[in-house]
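Some structures are shown below for you to check.
Same chain, two partners: chain A is paired with chain B first, then with chain C.
Showing the complex of A and B:
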């Protein structure tokens, strides 16, 4: 009975708001996009919403394309791919993932990070938010760190218990190293090693790539 | 027996060396202060020797005039980007090698069309290192050569820049021929008869140089020195100290003390061989091409502060900017203008719902860029965007 009451309360309080949010999103799309494109994008948005996935990133993609004068087909393609990315992110992160995590996860998948890496990240931090680790992962890839090294760096740091501020500080230091001319892969490896040594001073070999560890 | 007399006086060279040493000591001391303020190059800051023509730092064409202790001179130089696959005004943060072609023509006040000096070089550069290879010919008098070939390397370690190069070629030089004749009318008497003639002669010569430059704001101080090996293999030392001030995006004021041989300036159209004063004008310095980095608008700090009413104040600190815009998913990617609040800060209050957001900023109508300090991610249409998390 108490459960039913909670569901009813949810429907009363949130459902109207959600409906008005959807209407507002659709209105924004209709104002900025051509009618045919708006209809196609709205169809994708509704389909995504029906799966319980966040729709704001899809609206953002469409409006981003419109403001940069992208052609209609490219905009629709980008929206559809991001919707697929959200589905993939939920598959990798689990049904309990929050909207921001799904958004960050889809961004990482779009950047070329495999779903397996997201799943490993979820296992490394099962209860905490993955928003910052996923943002840091996408940032590394955008700065030229190879996807494998970027995934390994964030995963190793998260497994070692690095909190979000530590991850963000590592990101800044890697960024500084890259600006000074260091190779992105080397910069991420060195900073991961430094972070792991700080976390576990006894782990002197921390941060090495698995392939390096196998070397004689 | 012949004897060469060089046109550069050794005492003046020693004097210039003393100046350069003193200058270098001052520069090194000052660097300790500068390093604490800006040890690293800012994101997006392209580093390179100013003389290597770079359209992305001052447009495709520039002209220089100057006077030195010997003559008035002028130079025109152009630069063509050869890396067509790279966006011209895009920051080379990824360190992708880029190539450029530089062309120049120089002359003196008395030059006619037949004795102008021409040079062409190809340079390869990443963000912090580069190299060049060039050929040159022409000139008049002691400045002239039939053919010169040069190469060099540079490396930036902000705020310093190190450079080394070598130029070889057939140099025109005034050679004083001293001829001794021993006259012996008979076995008991003899005497020397000496005749001296100045002759213009081509001779193979190699000049090696190195330079250190220190940039602080709009000013650049430099010290350059080198050796020239002539036909007799007696090394000639030379040195010059320089000061450049970027008066505006279009105008560079140049001054130098000391001497440089013509070979070391063969690829540098805005340099004087002696103590000199000059000015370089780059009429097409613009956002479409590029402006000198000391005058380029640059965003240095980003702040997003939540307000009690649920809004958020976006604050951005920018140097040299006269217009600052922001576009983000929470503005539906429509540009909104930030207002100046003084001391290089710009701000605007916006409503940002909780969650993950993407944002870009644009200074003076330039390229959209990631706000400083924000994590970035790549997007299909906007390129790299900053990621903002609102709790």
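Showing the complex of A and C:
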């Protein structure tokens, strides 16, 4: 009886909270978007929610588009592409991936990072959060590092056991190198080499980054 | 009658007999009781002081709690919807307790006003203005953010959007220009 009561309490407390969140999101969309566009976006949002995926990034894209005065077709397209990105991110990262990981993963996929790379990243760090590695990966791509190099850099660093602060420092150093005029691919290669040397000093003799093929 | 029986009778008589001063003591006790205020059970002013008045069955307590929560949730949803869900100001005011304060700094030489837009304020350029530092070109604002990943940008003079040069960039320029990203609550916040 007590267990039943606890379950009922849990459902009653959570269900209205979720519903109120959905209603608030939809109300926000109706206020900021034209009725037709709002209806289309809400449809995508509801479909995404029904799949158990986070909807806040979709609402964010729609509101961002409205604030940037993008046309309706561009807003809907952005929302739909992000929704597809979330689906792909969950496929790549698994059902246990958290909302922030799915959000970051969707962005990476939309930037052209293959799903395989995300799956490999998940294998490299099976229990820890992947948000920072995915953000760093996306940042590399945004700054002109070729997708393959960017993926390999983050994957190699993560497999070598680099923690989030180390990944963030590497991102800053690569950013600085690019600002100084270095080619993005070369900058990422050099900084990965430096990070691997710090992580595993024995790599100094070989001095080359581990390749995809050599890793499990 | 033996000696023991006599002793029993004497003790019994002593208990039955009036005690000296007993009548006066009884009168004094009654007077004290009359002076005390009479408890008013029917009155609403004192029910909450009566421990028996609040004694209810556990299932009744649980049912009452559930009813209150359901009404509260429904009321909250109605209130949010009735306000049109304007994201800017309430996004900060109604954050849960696990929110983290994040300071945003942006250098904008010559700008007359700078604001922060992002997932956390519905991308409303009027919602989160930055304050100009007393010297230099720096503009700052402190915002409470929920745990998670947030995209954001700065709006200069109400028209020019710019990413944060010190933060990671979003991978895709969805509407022509890239946003910046901030992560709250991970192992290492950006």
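Note that in this section the second predicted complex is superposed on the first by the 194 of 216 C-alpha atoms of A that agree within 3 Å, B and C clash if a C-alpha of one lies under 4 Å from a C-alpha of the other, contacts with A are read in each partner's own complex, and residues count from 1 in each chain.
Simple rule for what comes next: a contact is a pair of C-beta atoms (placed from the backbone, for glycine too) under 8 Å apart; a residue touches a chain by one contact, two chains touch by 3 or more.
None of these values were measured; they are calculated from a predicted model.
After superposition on chain A, the partners chain B and chain C are seen to clash.
By the document's definition of touching, both partners, chain B and chain C, reach A:111. In the superposition on chain A, A:144 contacts chain B only, with no contact to chain C. When the two structures are aligned on the shared chain, A:27 is found in touch with chain C, with no touch to chain B.
When the shared chain is aligned, chain B comes close enough to touch A:180, but chain C does not.
Set against each other, chain B and chain C differ in how many residues of chain A they touch, and the higher count belongs to C.
Shared-chain residue A:165: touches chain C; no touch with chain B.
By the document's definition of touching, both partners, chain B and chain C, reach A:61. Within the superposed three-chain model, A:131 lies in touch with chain B and with chain C [touch as defined at top]. Chain A uses residues 28, 32, 56-57, 60-61, 63-68, 70, 74, 78, 99-100, 103-104, 107, 110-111, 131-132, 135-136, 138-139, 141-143, 168, 171 to touch chain B in one structure and chain C in the other.
The touching residues of chain C, when paired with chain A in their complex, are 59, 62, 65-66, 69-70, 73-74, 76-77, 80-81, 83-87, 117-119, 122-125, 147-149, 151, 161, 168-172, 174-176, 178-179, 181, 183, 186-188, 190.
Contact residues on chain B toward chain A in their complex (touch as defined above): 40-41, 43, 93-95, 126-129, 327, 329, 332-334, 353, 355-356, 358, 373, 375-382, 384, 387, 389. Looking at the complex, you find that chain A touches chain C at residues 5, 8-9, 12-13, 16-17, 19-20, 23-32, 56-57, 60-61, 63-68, 70, 74, 78, 82, 99-100, 103-104, 107-108, 110-111, 113, 128-129, 131-132, 135-136, 138-139, 141-143, 163-165, 168, 171. Of all the residues in chain A, the ones that touch chain B in their complex are 28, 32, 54, 56-57, 59-61, 63-68, 70, 74-75, 78, 99-100, 103-104, 107, 110-111, 131-132, 135-136, 138-139, 141-144, 168, 171-172, 175-176, 178-181.
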